[in-house]
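Next up: the structures, one after another.
You will see chain A twice below: alongside chain B first, and alongside chain C after that.
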Partner chain A sequence: MQAIWAIASSTVGEAVRRKVLLVILLIALLLLSIIPALSILSVRTETSATISTIFFVIRFTSALIAIILTIYMIPNEIERRTIYTILSKPVQRWQFLLGKYFGAVLSLAMMMAIMTVLALVMFYFNHRDAGKLADIARQPVLYLVEMSLLTAIAMFFSTFVAPLVNFFLSVGFWLVGTVLNPLYDSFAQNPQSQPAFKLMAKFILNVLPNFANYDVKNPILHPGVIIQNEASYYIKTVGYGFLYIAVLLILGIVIFDRREV
Partner chain B sequence: MKELDLHVEEGEIFGFLGPNGAGKTTTIKMLLGIIYPSYGEGYVLGREIGDMDVHRVISYLPERPYYYEHMTGLELLKFYDSLFGNHDQAKCQKLLERVNLAADASKTINQYSKGMQQRVGLAQSLLNDPKLLFLDEPTGGLDPIAHREIRDLILSFRDEGRTVFISSHELSEVELICDRVAIINKGEIARQGKLTELLKGGRLEVTVSGVDEGLARKLSSGGVLHQLADGYLLDMPEEEDVNAIVDTVRSAKGTVLSMVPRRKRLEDLFVEAVRGTANSKIAEAGA
Partner chain C sequence: MKNKNTLLGVAAAAFLGQAFLNTAEIHPQWTKDYSLGKTSLASGLGADQAFLELLGFREFLAGMLWVRGDTFFETGNYDAVLPIIRLVTMLDPKNVDVYTTGMWHIGYNFTDQEQRSDRRYLPTALALGKEGCANNPETYELFYEEGWLWYHKIDDDYPQAVSWLTKANNHADIPPARKNLMRNALERDGKPKEALDYLYTLLDQAEKDYRNDPFYQTNNNLQTIKGNIDTSVIRMIQRGNIAQENGWYATGDYDTKPPFDVGFSAKVTVLEPKILKIEGTWNVLPVGTRIRVILRDADLPNAIPGSMNWDAMATDVNLDPPRDETYMQDQLFVRNRHFSKRIDMSKDITMYPFAKDKYLIEFYYNPRSAPPHIQDKFGWNGEGMTDKNFMVSNARPDNERVMYTSIEISKDQLLQEGQFAGRPVVLKTKNYRDSSDLRGSNDDVIMVPSLRNTQKPAASAAPATNGKGQ
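Entry: the complex of A and B
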């Protein structure tokens, strides 16, 4: 456990010094600091437009950070030969991989926390609506689970594909799981869909991770919309994410364990 | 790699030599369990390769290592120490002192020179008080001062009773510090043994004058004769009886101008071993 923690800590240390990640984070922070002030230009209800944009920025930035942070993690360690010194110590490959994963998630959590805190502060200064703060804070917590799952996907692919391929695979999985998920759902449910198409839609829905579950902005934005059995929904969604993460990490460990480094 | 049987004595410095691509680093990585053999098995300190108990008593310094540049020298040692489940800052500081980096302990690795990085690498390799150290090209690309510092450190490891396994191209370095060597070529051992024994069979160059060609030929019967402007150069095996040669030349009223023993160098042995393997391959192919 100590080895995993040591590797995770060093990963955080590296991640917070990666300029590309810091630039992405900085741009997001700049956007988050002006969004609440810009919302007066919106023709939509001021508060919901602001919150919706805040969520979009946090989610998109986090996904970008999660992917960029993770895709280079293992290949860089191999290319720079840092992995050799580590594996020559009493550290197993699975410990190395888990350490890297937890380090990535911790770094991501830190960056998401900074974005969320700034968003909450700016929202409060511009809207003086303290009652909404807890609601707004709820969504990034689910996004963190979503991004942990996305990190696990990128980590899994990084055990056997090059960073560029991994980038497209991870982005593809995320897009299919977010934007396209409702579309596949409607194909799968529609009785008029072609059987082959229906089967493919069902396969994608069941096998590929469903990131759309982590988006609960509608009940936050519109008080009339409620989630049935809210607590159960959150438990199931988080549990689904953790289960998926566990499966991906196990598969990644199996592949990485036999890989030439 | 082919079948490889390396015999390394406890407490010695063992040189593992070979041309580029011979399989030196691959062998070390296999012994460390970093890469896996496609078949067969291997043992280090009597235990199967990859055994984590062995990893507690061995250490490794890779060729041209790269360390986490954001860490300071001290942080780096603390990081590697934590991989053993330890958090002994005093030990880390002591090791930095030992490799003359105490004053630079708070500098980040990207501020370290190549020699300093190599020294911090040696410090990390001592964290677990190892019985056996694998050093891959420990002096590669270093200036003469850094060379000497690293060499002295390696010699001090032997004085402490540690076994050191060095893979290197620096033959003069290896000749200076190694007790035994193995030369590997194309994945198999071409020579292995004590350096003193492997380097036996040097030459003796004797320059004589005032003797006729017939006598010179007789004297150089075990070697080669070269005619010079004022005499002859006899190139013969070092085992020849020097006193008998001197006596014979004197009794013929000649003069022995010089006697130079030409010790066999590791470089000669290396070239001989590598070419020998290559020639035997050609012969096998021809047959």
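Entry: the complex of A and C
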């Protein structure tokens, strides 16, 4: 456990020093600070447009940070040969991989926390609605689980593909995953859909990581929407994320264990 | 790695676990509670817009598009507003304002040069409202708007209005004043007793509201309801509804007795291609009668006498109504027992394509749609009205009494083509007589009772018609 923690903390340090990630974070913070000005364009829906845009900025930049942070982690260690100095110590490969993963998730959590706090402050100063802040803060929590899953995907691919390919694979998985639910619903509810296509849609829904599950902004944007058992939904989606992350990390460990470095 | 198989077994179990959790537990609840609407994937978006939408930028994009739509609206570019309304409702199905404005815009604002609505869009407006209700079941607003469209725009199928307004009333967020429309809808649905009972339930609530919060607004609502109850009771007594309910209508002298013969007749003259002059008689002196006139394809699907089966047509939000169908609807305003109207359909080719060979000109009058001072004689259900030639009771459900007749006209006649080229085309109902024949004839003028003045006007007081119409 100590080895994993040591690798994770050094990964956090590396992430903080990486300029590209800091630039992305800075852009996100700038965007978050100007959202109230953009939202006046949304006639009579300023509040929901503001919140929706806050969520978009946090989600999009977090995904970008998660992917860029992760895709270079293992390849860079191998390319710079720093991995030898780590693996020559009493550190197992699986510990190295888990340490890297947890380090990436911690870094991501820190950056998302900064973005969320700034968004909440900006929202409060523009709307003076303190009661809404707790509601708004709920969505980034689930986004963190979503991004942890995305990080696991990028980590899994980084064990056997090059960073550029990994980038496109991870982005592709994320984009498809964010529309899985509405895509499947469109198929399922359309009476003209062929049964074979419906079956295929169901298969894809079960196999691919479903990022759409973490989009829970509907009741936050629309206070009239009343949801029963919201806590149980949150628990299930977090559980779903952990199960999928476990699958990806195990597969990554197995592949990385056989890889020549 | 020694325990590789164990690890792979754990991974397989976790994979199955996530699939089960996703399919059986998470996805159904997400669709029910967190999906932003039934139109989740917007078609018709540009690539950049679709990208933003997919990333959850929907509400902001919807707001931007709506601002753009407003610009089009201000410049009168109504056609351009339509796809924007559709896109915005797809992107942000919770934006009630866009649904409301969209329904109104589609239902009312597409008109010809003479401000007649293009009613081929009505099913689209209704379908948009239905979709809005499905996406926003938590608020009364779109149910109310749908009810209003049936009540005011379609102005014939009042059970639909009552049904939608009932749904609106079942929502806790409906303002008290908006509940009053239901009374009018029930009366127009031919149910004055139910309307009165409904007013009494509103009165109970209004009195409670006033006791809890004795301010201008609650008092105003209370007084409005009391006034409406007074009016309804007086009308029910004078029109004989209470007598009907209690079985003494036959022996009493009520304003609706005897049924008055409105003496409808009509003549249609094709003045120029696609330009009609419609004139005729309606033996009701007080101003306020509007007779519906429709010119439509003879074989129009879903047509019913004097209207369309709008609800059956309102299945999907189709922004491009059938371009080969012709459906013109207007009102003939009666003055001095005579109506005359010039209807020019020559300037709006897309609205009046005249693509078929046979057409019907329909004349329809439903006493349920009449203004109160006319209904004082005709009654809510037309019991005080008759027409010896055109009164029918099989045009609507429940033997509703309406005046209805139709005249066939061919495309050649309408366009003055073929054997009708250059020739005036005149079509009449069999009983048509020129309005000048009515000059000086006062004996059959309807005397509409007044709530304020019970003295019946002298027959000689009726002004003579000038025969020119409006």
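Here is the rule we go by: the second predicted complex is superposed on the first by the 249 of 261 C-alpha atoms of A that agree within 3 Å, B and C clash if a C-alpha of one lies under 4 Å from a C-alpha of the other, contacts with A are read in each partner's own complex, and residues count from 1 in each chain.
In this text, contacts are C-beta pairs under 8 Å (C-beta built on N, C-alpha and C of every residue); 3 or more make two chains touch, one makes a residue touch a chain.
What you see is a predicted model; the values in this text were computed from it and never measured.
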{"item": "First, second, both or neither for A:168, with chain B first and chain C second", "value": "neither"}
{"item": "Partner chain in contact with A:233 - chain B first, chain C second, else both or neither", "value": "second"}
{"item": "First, second, both or neither for A:89, with chain B first and chain C second", "value": "first"}
{"item": "Chain A residues touched - chain C or chain B, whichever exceeds", "value": "C"}
{"item": "Touching partner for A:160 - first (chain B), second (chain C), both, neither", "value": "neither"}
{"item": "Partner chain(s) touched by A:181 [first = chain B, second = chain C, both, neither]", "value": "second"}
{"item": "Partner chain(s) touched by A:48 [first = chain B, second = chain C, both, neither]", "value": "second"}
{"item": "Which superposed partner A:207 touches (first chain B, second chain C, both, neither)", "value": "second"}
{"item": "Intersection of the chain A residues that touch chain B with those that touch chain C", "value": "none"}
{"item": "Touching residues on chain A, where the partner in the complex is chain B", "value": "2-3, 5-7, 9-10, 13-14, 17, 80-92, 258, 260-261"}
{"item": "Residues of chain B defined as touching chain A within the complex", "value": "29, 32-36, 52-53, 55-56, 58-68, 70-71, 79-80, 82-85, 121, 124, 128, 134"}
{"item": "Touching residues (chain side chain C, partner chain A) in the complex", "value": "1, 4, 7-8, 10-11, 14-15, 17-19, 21-23, 25-27, 29-31, 33-36, 38, 40-41, 52, 54-60, 62-64, 66-67, 70, 92, 94-95, 97, 136, 138-139, 173"}
{"item": "Of all residues in chain A, those that touch chain C in their complex", "value": "38-39, 41-45, 48-49, 51-53, 55-56, 59-60, 94, 175, 178-179, 181-186, 189, 202, 205-207, 210, 212-213, 215-219, 221-222, 224-230, 233, 236-237, 239-240, 243-244, 246-247, 250-251, 253-254, 257"}
